[in-house]
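Structure provided below as C-alpha cells; questions to follow.
Order of writing sets the chain letters: A, B, C and D. Residues in each chain are counted from 1.
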Amino acid sequence: MLRLIRARLAMLVIVLFGVSIITFLMAHVLPGDPTTALAGPHPSQETLNSIRAQFGLDKPLPAQYLSYLSDLFHGDLGTSIRSQQPVTHEMLAFFPATLELVLVAFIVAIAFGIPLGVLAAVKKNSFSDYIIRFFAVGGVSVPLFWGGLVMILIFYAKLGWLPSSGRLDIELNSPESVTGFYTIDTLIAGDKEAFINVLKHLVMPALALGYVQLAFIVRQVRSSMLDALSQDYYLTGRANGLGKRFLVVRYALRNALIPSITIIGLSFGSLLGGAVVTETVFDWPGMGKYVTDSILGRDFPAIMGFTVVIALAYVIINLLVDLLVYSLDPQTRK
Amino acid sequence: MNQDLLVVSGLNKTFSFKNKGVKHENHAVKDVSFAIKPGEVFGLVGESGSGKSTIANLLMNLESVDSGEITFNGVTIADSKAQNSFPYGDIQVVFQDPRSSLDPRMTIRQIIEEPLRFLSGAKKTELGNSSDVVRLIQAVGLREEHLDRRPHQFSGGQRQRVAIARALITRPKLVVLDEPTSALDISVQAQVINLLKSLQSEFGLTYLFISHNMGVVKYLCDRVGVLNQGELVELASNEDIFNRPTHPYTKKLLSSVPSMFKEMESQ
Amino acid sequence: MLKSIKQLVKNRFTGGAFISLCVIAFIAIFSPLLTPYSPIDTKPEDRLLAPGHLHYFGTDELGRDIFSRILAGTRISVGIALFAILLAAFVGTFIGSFSGFIGRWIDQVIMRSTDVLLAFPTLVLALALSAALGPSIVNAALAIAIVKLPIYMRLARTQALSISQTLYVKSARTFGVKSGWIVRRHIVPNLLTPIVIQISLDIGDAILLIATLGFLGLGAQPPTPEWGAMISTGWNYLIDQWWYPTFTGAAIFITVMAFNIIGDGIRDLLDPKAGE
Amino acid sequence: MSELVLDIKDLSLSFLTSGTPVSILKSVELQIAAGEIVGLVGESGSGKSVTALAISKLLPTQITTFSSGSIYFNGMDILTSSEESVAQLRGKKIGFVFQEPMTALNPTMTIGKQLFHVIRRHSDLSKEQAQAKVRAALEEVLIAKPEIVENQYPFQLSGGMRQRVVIAMAMSANPALLIADEPTTALDVTVQAEILNLIGKLAKVHGTAVLLISHDLGVIANTCSKVTVLYAGEVVETGKVSDVLRTPLHPYTQALVKSLPDIAARGSSLETIAGEFPDLRKRPEGCIYAPRCPKKFDKCSESPVLMKVDNEHSVACWAQGSRSSS
C-alpha cells in the first residue's frame, strides 16, 4: 500500500513539475505575453522596457523560471493586472463558491449517472436503453453555455420559476461565512428562507453543469457494465443459480465500477473547467467567472493562476481515484 | 553427411522481473544441450512453463542468450557475446495460433513473400528473384486465386497452411514448429500433420517440433527431448522415450496422457 | 467500406444522424451559394427583426441575417474542428506508435509528458493556450489540437504495444525485418481502426470546444460568423430576441449530436467488442 | 435401465446471427442415467457447447429459437417450463463447469465468498454453517490448506486450482447432473489427469450423472462409459465408448479415430476428411456428412435416422443401416 502511494506521489511531483513548465511557457514565452497587453496602445520602447523590468521579464529565461517556481512554491500566483491584488487571495475568496457549485453538480451527475448506466446495460437494446442512450448522447453534445441559456429562457424568462443569476437574492443578506458554502452556512445560521433561496439559485447552474458529466458517466458505466455482464464469471454465477439482480449488483457492478471510477475522477476535473462557462452564464461569483472577467480584461496572471490551481486540484483528484481503485481492485494489491 | 545441423550447448536464460518491489528471478532455461541432424524431426516436449517456447525464441534470435552457445551448420549464431550474424532465411518458424500469425491487413501473397524482402548475402543470391509463391501455395494445398484474399476469409487450418508456405519461401534448412497444431480440430490437425510430413521429403527439411501433445510427438518425431521447469530431463529416440522412459517425470507425463486404447483394455 | 456505410444507414438510430451529417457537409461546402444574404455586411435599419419569411431566423444587432451567418458558421466550426483533430491524430499517432514500439526510456519520457498534458481539464488547457497564443480562430484550432494530442499519443502507444506482441510481428522479426518496416507495414496499418474510431468520437467534442472558446471571446473575433462568438454577443438579447442565441446554439447542438451519433455507430461497427 | 436423469429428444434449435437464422442443432438425442458419465464429442461448430447451455436454458433468449424437441430433466421438460422453475434447478440440481478456469471466477471477490454465495443460495444453512461448508467443499475437491485458499483471489491461484474451485461450486448442492464443458482443455496434461479423476470420483461418490463435453477422444475414452458423436449439430453415432471408439460405424467417427496421431503407425499417413464444414445458414437436405463422405450413395440424399445396430450402439448412416439387421 505504502509503496503505491510513494510511487503515485513521485508521479505527482513529476506531473506538477511539468505543469509548472507548461504554464511558465504559456505565460512568459508565447507571443501574447502580458507586457504587450499592459503597455496599452502603441507603447514607446521605454514603457515597454520598464514594464518588462517590473515583471522581471528582462532576466534570462531559466532565471525567470526559477523565480516563477519559487513564487509558486510559496503559493504566490502573481498579481492580477486588473485589481493589482495577489491572484492567490482572489482565488481563495472565489474558490468556495465554485466548489459548492461543482460538488452539487458532481453529486447530481453520479446519483443519476451510475444507476442510468447500469439500467441501460442490463436492459440492452430495450426501449429504455435507447431513451437513456439518446439522453446521454444529447448530454455530451449540448454546448454548456447554450444549455444554460435555454434554461434561463424557459425557467426564468418565460416561467419565472427560478432566479437566473447569483447565489442568493440581493435583498437577503449572505450568511456569515463558516464554510464558505452558502447551503451549509445558511443551515448553520438556521435561516430557512435563505437556505431555500440558495437552493433555488443552485438548481439551474448545477443542472446545466452536471448534465454534461451525467451523460459522460452514463456512457462509461453502460459500456463497462456491458463488458462485465459478458464475462464468464457472470455466466458461471447464472449456471450456479445465483439470481440475476444479485449478480448484476454484487458481481458485475463492482467489476464495472473499477474502470468507471477513473472516468468519474476525470469528470470532476472537467466540471472545474466547465464552471468557467456556467458561472459566466449564471453570473455565479466563483473562480470561473473571475477567469472570464480576466480574459476580457487581458488579466494574464489571473488566467495562469487559475490554470495552475485547477491542474493541482485535478492531479490530487487523480491520486484519490488511484487510491480508490487500489482498494476496490485486489489485482492492484498483488 | 552426419555433421549436425543445429547444436545447442549449455544454453541458459534467466528472466528477472519486479513484483511488489522485490526482484524475482525465473531461470527459464537451465543448461540445455541437444543437437539436430539434417532431415530429422526433433521433438521438444514439456508442459507450460517448461521453457520450450523460450528455447524457440532463443533459437530464432528473438531473445538474447545468457550463456551457452548455438551453432548452425558449424557457424555460431548465438552466444552471450551477441554480435553474431543470424542466418535469416535458413531458419524459419511456424507459430501456434493461426488467428494471430498472419497480418490481417495484408493479402496472402504479400504475407508469403514478406521473408524474401529482407534476405541478404548468400541466401539472396541463391534464391535470385524467382519467387515460387504459386508453387508453394499449391504445395500447401491451397489454390492460386487464394493469393489475393485476406486472412479473415480463411479457416484456422487454411491459415496455418499459409504460415507454412511463408516459412518455406526462403527454402530454409531448419523449420521450428512451435505447437503448430494445438489450436486446430482433430481432422484439420491430421491434414496439417500430413502436409508437414510430405513437405519434409519434398523440400528436404529438418524440423524442430515443439509441443505439449504427446500423441502428435509420438507420431512425428524421430528423437524427443523432455523438458521440465527449464531442464532437459531426458533425451532419447522415439522408441526409448515412449516404450522405455527412464526419468520419473517422463513416466508421469506419459501416464497422464489419456490415450485411446491403453485405458480401455483395463476397463 | 461501402458495406459498413450501408449498415450505418440501415440502423434507425444512426440513419437520421447520417442524413443530417450529409446536409451539414453540403452546407459547409456550398455555404457561399446558399446564404440568402451576406453574412458580414451590416444593415442597421434591419436591426433585431423577428424571424419571418424575409429573415428565417431574424436579424442580429447589426441587421445581419442570422440564418446566413449560421450557414456560413458551419464551414468554420466543422472545418476548424476537422483540422484540429486530424492534426492531433496524425502527430499523436506518429509519436505514440513510435514510442510504443521502441519502448524503453523514450516511451517513459513520452508517456510522462502526456500525463502532464492530461493533468489539465481539456477546456482549461484550451482556454489558457488560446489566451497565451492570443485570441484568434487559428490559435483556438492550435490549442484544441494540442489539447487532443495526448489522447492520440496514448491510444497509439497502447495499440502499438499490443500489436507488437502479436505473432505476425514476432514472425516478421524472425525474418530479420528492420524496425522501420515493422512500424510501417504492420504497426501503423493495424493501428488505423482504433484511431479512426477515436477521430469520429472527437470531432463533435472539438466543435463544442471551438464554440466555447468563441463564446469566451478567445476564438474567432468579430465579424467572423463563428457560432460561439455569435452567441457571445447574442446572449445579451436573450430576453427580448430569444431566437437570436437560441437558434445559433441549436445549430451547434444538432451538428455535434449528428457527429457523436455517427461516432458511436462507427465504434459499434468497427470495434465489435465495444458494441456487443 | 435405471431411471433417466436427462432425456433429450429430437432437439433442434437455431440462432439469429446478423438477421439470418442459422440451424445449430437438428434432432439431437441424448440420455444420461444417474451415476453414468456420458461423453459428448465433436469438433468446433458441432454444437456440443450449445447443447450443454440449452439443458439449463442459459442460451441468449432473444436470438435463440427452439424449432422442435424436448429436454426432460428428472421428468420435467425444461423447454416448456417457466424461467423460475428452471432457475431453481441451476446450481441446485444441475451443476456446470466451464472451459476457461482463468475467467470463470469473479476477479474482485475472494474464493470463499463466491463459494459462500452459492452454498447459501441452495441451502438454508446459517452464515456459520455455510462458512464451514465452504471449507468442506474445498477439501472435497482436494485443495490443500482450504483455510488459506478461502481468503485468496482467483488471480492468486493456478489454472488447475481454479478449476477445482469451480467444480466445488458446481457440486456444492449435490446436483443430480453435472455438465462439464471441456473442463480440462486449458490445462496441462498432468493437471488434466487429476481433474478428470476428481470428476470421476465425485460422480461415483454422489451418484451424480455427468455430461462430459470434449474434442479430445482420449479424454472421452479415459473417463466416460458412453459417448455421443456430434457433427454440424447432428448426432451421427452413440453407444458404449469401447464400441464407438474401437469399432466406429459412422464414416465421420471412423475418420476421426483414424486421424488421431497417437495410435497411428509412424510411417503411415493419417486419414483426413475431404471438403469443407457445411454452411448451416441453409442446412443441406439429406445426410449432413454426405458431401464429405467416401461411402456416399443415392440413399444418402434422404436424411438418415438414428438406427439401433445393437442394444446400445446406434448410428445415423444408411450405408451402416442396410448391412445391420434392423
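The rule is simple: a residue touches a chain if its C-beta (ideal position, glycine included) is under 8 Å from a C-beta of that chain, and two chains touch if they have at least 3 such contacts.
Just so we're clear, the structure is a prediction, and the values are computed from it rather than from any experiment.
Visitor: Out of B-D and B-C, which chain pair has the most contact pairs?
Guide: B-D
Visitor: Taking each chain's centre as the average of its Cα atoms, which is closest to the average over all protein Cα atoms shown?
Guide: Closest to the centre of all protein C-alpha atoms: chain C.
Visitor: How many angstrom between the C-alpha centroids of subunit D and subunit A?
Guide: 54
Visitor: Between subunit B and subunit D, tell me the centre distance in angstrom, where each centre is the average of that chain's C-alpha atoms.
Guide: 33
Visitor: Hey, how far is the Cα centre of subunit B from the one of subunit C, in Å?
Guide: Computed from C-alpha means, the inter-chain centre distance equals 49 Å.
Visitor: Can you pull out the residues of subunit A that are in contact with at least two other chains?
Guide: 334
Visitor: Show which residues of subunit B lie in contact with subunit C when the two form their complex.
Guide: Per the touch definition, subunit B meets subunit C at residues 60-62, 86, 88-89, 91-93, 95-97, 100-106, 114-115, 117-120, 163, 166, 170.
Visitor: If you look only at subunit C, which of its residues touch subunit B in the complex?
Guide: 166-168, 170-178, 181, 185-186, 189-190
Visitor: Tell me, which parts of subunit D touch subunit A in their complex?
Guide: 56, 58, 62, 87-92, 94-96, 98, 100, 103-109, 117-118, 121-122, 153, 155, 166, 169-170, 173
Visitor: Can you list the subunit D residues touching subunit B in their complex?
Guide: 43-44, 188-190, 192-193, 196, 215-219, 221-223, 241-242, 245-246, 255-257, 259-264, 266, 269-273, 276-277
Visitor: Give the list of subunit A residues in touch with subunit D in this complex.
Guide: So the residues of subunit A touching subunit D come out as 125, 231-233, 235-243, 246, 250-251, 254-255, 258, 328-331, 334.
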